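The following pair of complexes shares a single chain, subunit A, combined with subunit B in the former and subunit C in the latter.
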Partner chain A sequence: MDLKSYIARRLLLAIPTILGVTLIVFFISHVVPADPALVWAGGARARPEQVEQIRQLYHLNEPIWKQYVIFLSDLVRGDLGISPVTGRPVIEDIKTYFPATLELTIFAIALAILIGIPLGVLSAIKKDSPVDHSTRIFALSGYSMPIFWLGLILQLVVYYYLGLVPDPGGRVNTQVYISSEFKTYTNMYLIDSLIQGRFDVFFDALQHLILPGFTLAYATAAIIARMTRSSMLEVIRQDYIEFARARGLPERVVIYKHALRNAMIPTVTVVGLSFGGLLAGAVLTETVFYWPGIGRYMVGTINTLDFPALMGGTILIALVFVIVNLLVDILYAIIDPRIRYG
Partner chain B sequence: MERVTDFKEKHDAKIKEIKYSLFLVRNSPLTILGALIILILILVAVFAPYIAPYDPEKTNILARLKPPSKDHPFGTDDLGRDIFSRVIWGSRISLQIGFTVVFFATAIGTVLGLIAGYFRGWIDEILMRITDMFFAIPSLILAMAISAALQTRSIYTTMLAVTFVWWPAYVRIVRSSVLSLVESQFVEAARSLGASNRRIMFKHILPNSLAPLLVQMTLDLGAVILVAAGLSFIGFGAGPNTPEWGRMVAEGRNYMTTAWWTITFPGLAIFITVLGFNLLGDGLRDILDPRLRR
Partner chain C sequence: MDTVSTGDIEKLLRVNELYINFYTYEGVVKAIDGVSFDIHPNETFALVGETGCGKSVTARAILRLIPTPPGKIEGGEILFNGVDLLKIPEKEMLEYRGKKISMIFQEPMTSLNPVFTVGDQLVETIALNQKVSKEEAYNIALKMLERVRIPDAENAMTKYPHEFSGGQRQRIVIAMALSCNPSLLIADEPTTALDVTVQAQIINLMNELQKNMGTSILLITHDLGVVAEMSDRVAVMYAGNIVELGTTSVIFEKRYHPYTQGLFNAIPVFGKGKQTRLEEIPGSVPNLLYPPPGCRFHPRCPHVMDICRKEKPELIELEPGHYVRCHLYR
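Let's turn to the complex of A and B:
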């Protein structure tokens, strides 16, 4: 199979998964609640005529399969319903908050890769050394850490006690932001500031990103470190590594050029799969750091009983996760020809 | 005496295996540490009423936000409740959620996994597609959505929501070990002796796929406790006065700059508990994995 037809096949296979996601969200939003209309209208506080209006608007009196068809066709048009709290279409809110989440998660994944891969390589080539043991403890702590607690403790120590970072809360110092003619194109401040050559804004945004970024990255860094370690150990045992050594290549070249490249393949998959955990972690991280992203938006809906907003956020996150894994699969096929021909 | 020798001879291989496993456990200090943490935790949960010096829900406005001292080893919270007692009682809630969710998820997943792997065909296809759907949504997010749809908030809603999210993983694990066992000779032998499908599934296949299941269950106990604590931190789950660890961190958050102990100890309790299950699960995997054994 050549690369093009592999990608086409993989894209087609994503369709049932996406449909499945909509089916689950539909089930949760239309079947699980005792009275969906009441939930969609904002719970106990909604007036009876509001509930009735919602019932008409979302066709909640129709047979269940028809409701699903309507739900799907609304979804395709980007209609996620109207928030009973703000009165705005949910999709508009999501557009506002999503770039902040994207910036945070991309930053975190980059940080996780930068920490995880070197640690994994180091502990594989120095197996059973103190370095290896410390990495194991670092990784097991990462799996076990309540992310919201880590965020709070970091704030307490790094900001309140040591004063090393600016006020944890928000993405950029509002003073910097308002006082100047700073334009937003992507709404990801790191990118926007670079485009305009505004390094003051860039460094300010970066300082705001450090703590939430590390909080979110830790668990993923732990997973990447463990995966890199075990696949490095596997690769180092192979004949071609022995052969490279026998040819008299320096150890550095053997490890980084021959071994690491091949060991990276499983790590790429793990990065894709751990993106789901990262998105879930973003919900908690954003709550802790007052980060105005989609996660904090969703948590806000819990107290205001803004059900359409929560469902919209859920669909969005699931879609992002599916798309990221699709990209990872394609990347995988590009770096490892065995996948395509296998 | 004869009977004992008989027993020894008959089960010689098994006894050797168990002895070897124990030898491996002895040589893995981290596994022992994990087991110890869990053991202590279970004891603390069982004897909570005798260990906790105060009523975990009793407020005392005069003693609010007191730092750790001899009377209050972990200090007091904003309502003057003793944090040490609350952390002790909280172990009951976390363990209860962990064990209940893992039990039901395993039960549902095992039955469906056996069916999918044993009968294959359309039923396998359908079950696998359903599990695919679940894997496309991060578990905490899915559990949030279900908790919201259920409308009520208690630790039982949390259990229900997390179980709903967790069972598909077990279908996958059981199915894959069934697939490798179904072709083996002992299953063939049982079938040729006329054993029923149900007997083959539960008496022959299931006992042989217990090892990976056990490892997963141990690791998941930690993971479930972590997700449940997260849910409770953002506002789902236990009610206002309940000594639930995630909730305690959320409540202490507003006072943390002046009273670090309000968030530190409940969070540490979550961390150590989950670490215990992860150490134990990680160790069990190395011990039970036949490829790593010899």
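Let's turn to the complex of A and C:
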């Protein structure tokens, strides 16, 4: 099977996956013993006719299966509905919040790869050396440290004591943003600023990204480092590595070309899985750094029983997981020709 | 002194009094215990012995491929064209590996990197070792593949190792190893993992290439059939020692050392029928953490004498060029 039809088939398979996710989340969220209309209308002081009006508007009086059918028929028309809480179309809210998280996550995953893979390789080829031991300590603290605590400590040390980064709050210095005609195309500031050649905004956004990015990246970098180490150790015992040495290849070619490519396969899995996880789970980092991202937005939707936004966000995250998994599978086949699409 | 002198004949490789230990958690494994031999230009020299006797370790030591730690070369010389390979820096060693001395391994299935094409690996080796451009390297690679009779060489260059059979892969490995015209090819069990018919093809191929290219071969094997078909001279190894060394014809005919005799008696002979049991050498290969004192073979030897338990026998030249390490022939 060729790549195109493989991708097409996988995307088709994504439809039942996402439907399944919506089904589960829809029913679980709608059976909570609370009255969303009352919450949306403003709580106990809301006038009953107002509450009733909201119920009508959002079909809350219909049986739950009918509500789901209405939701689905809107969905296939590309309509995610209007958030009763923000009063805006859900799709607009997502366009605002999702790129912020996407930018943070991509930055974090890039950082995690840049830190994790070299550390993993180094500790594998220098097994049981001081380098290996310090990497182990780095990794252990990486996945045992609570993210919010790490974020707070980093703020305290890097911002408050050392003053190396600007005020940790938000994605960019409001002065920079407001006082200039900065346009947002993708709503990812690093990209938008580069498109417009606004390097001042670029560096400002980058400075704002560093701490939350590192906070989010640390645990993943730790896992990548450990994973790379163990698969490297496995690979460098293989016959083809010895044969590569016997062929007269210098050690750096043996390690970084012949061993690393083979060791990357498990690492790619981890990176792919973490990417989805980071995206959906950035909420702690977002909260600590006042990052206006989709994680915080989603937590808000749960607190306010904002069903349309909750469903919209759920679909989005499910979609990201599906796409990332597909990318990982394609990447496998690129790295290892023995894996064929099937 | 254990010296194996082969007179005035020019020597390509001279391994002299090699000692190698492995430092493990359980203790020191004395894997190679004073091994000496010479390889002449244009000859095939076989190292024969059971698994674990140290033949592969000896071969890897020549290319300095022994992982250190746990392995350590404790003493001896490995003279290649008069240069002691154990004394030169690692960087200079790259001038020997793959260029003057090549090595092929037992498992053709796993000798090639699965994630790069055959062409990529061939071109990489040739370009690096012969310091030629990628295009030139590509042409040399094509010629080498044709030489080892890989059909449709051009197409084969774009394929990955898993798309070839075991025999074809071993041919590709041989092509890679011989691409830089080495003066010595170390072949570590090159046919063990192959089917018998394919074995014969590979043996013929290696014999032919050796004749045409003038490469000496150090053949590591436990298969006396392969030895008979390929080698000019043989050294029989047991537990880190060479116990008998001589021309293939003399060894096959006379077999002085009790271990060599045992090795030959363990070969099934066609026509003898199923009634006769194969003779086996009693006991098992000694644990080299605690090698037996004296002659390392004495616990299994049918002719064991008192002296065998106390004193390590010297290599004795029984006939010109034929050496045996055994107290029986003192």
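Brief remarks on what is shown
The definition used in the following text is that the second predicted complex is superposed on the first by the 272 of 342 C-alpha atoms of A that agree within 3 Å, B and C clash if a C-alpha of one lies under 4 Å from a C-alpha of the other, contacts with A are read in each partner's own complex, and residues count from 1 in each chain.
Just so we're on the same page, a residue touches a chain if its C-beta (ideal position, glycine included) is under 8 Å from a C-beta of that chain, and two chains touch if they have at least 3 such contacts.
Given the structure is predicted, the values throughout are model-derived calculations rather than measurements.
After overlaying the two complexes on the shared chain, residue contacts for A:140 are found with subunit B alone; subunit C is out of touch.
Of the two partner chains placed around the shared chain by superposition, subunit B is the only one that A:302 touches, whereas subunit C remains out of contact. Number of subunit A residues touched is higher for B, counting subunit B against subunit C. When the shared chain is aligned, no partner comes close enough to touch A:205: not subunit B, not subunit C.
When the shared chain is aligned, subunit C comes close enough to touch A:239, but subunit B does not. In the superposition on chain A, contact of A:156 is made with subunit B only, not with subunit C. Of the two partner chains placed by superposition, only subunit C is touched by A:337; subunit B is not. Contact with subunit C, but none with subunit B, is seen for A:250 once the two complexes are overlaid on the shared chain. In the superposition on chain A, A:280 makes contact with subunit B only, while subunit C stays out of contact range. In the superposition on chain A, no contact is made by A:225 with either subunit B or subunit C.
Subunit A residues in contact with subunit B (one complex) as well as with subunit C (other complex) do not exist.
Residues 238-240, 242-250, 253, 258, 261-262, 335-338 of subunit A touch subunit C in their complex.
Residues of subunit B that touch subunit A in their complex: 30, 129-130, 132-134, 136-142, 144-146, 148-151, 222, 226, 229-230, 233-236, 246, 249-250, 253, 256-257, 260, 263-264, 267, 270-271, 274-275, 278-279, 282. Residue ranges of subunit A in contact with subunit B, taken from their complex: 16-18, 20-21, 23-25, 28-29, 32-34, 39, 43, 136, 140-141, 143-149, 152-153, 155-156, 160, 276-277, 279-280, 283-284, 287, 298-299, 301-303, 307, 310-311, 313-314, 317-318, 321-322.
Interface residues of subunit C, counted against subunit A in their complex, comprise 63, 65, 94, 96-99, 102-105, 107, 110-116, 124-125, 128-129, 160, 162, 173, 176-177, 180.
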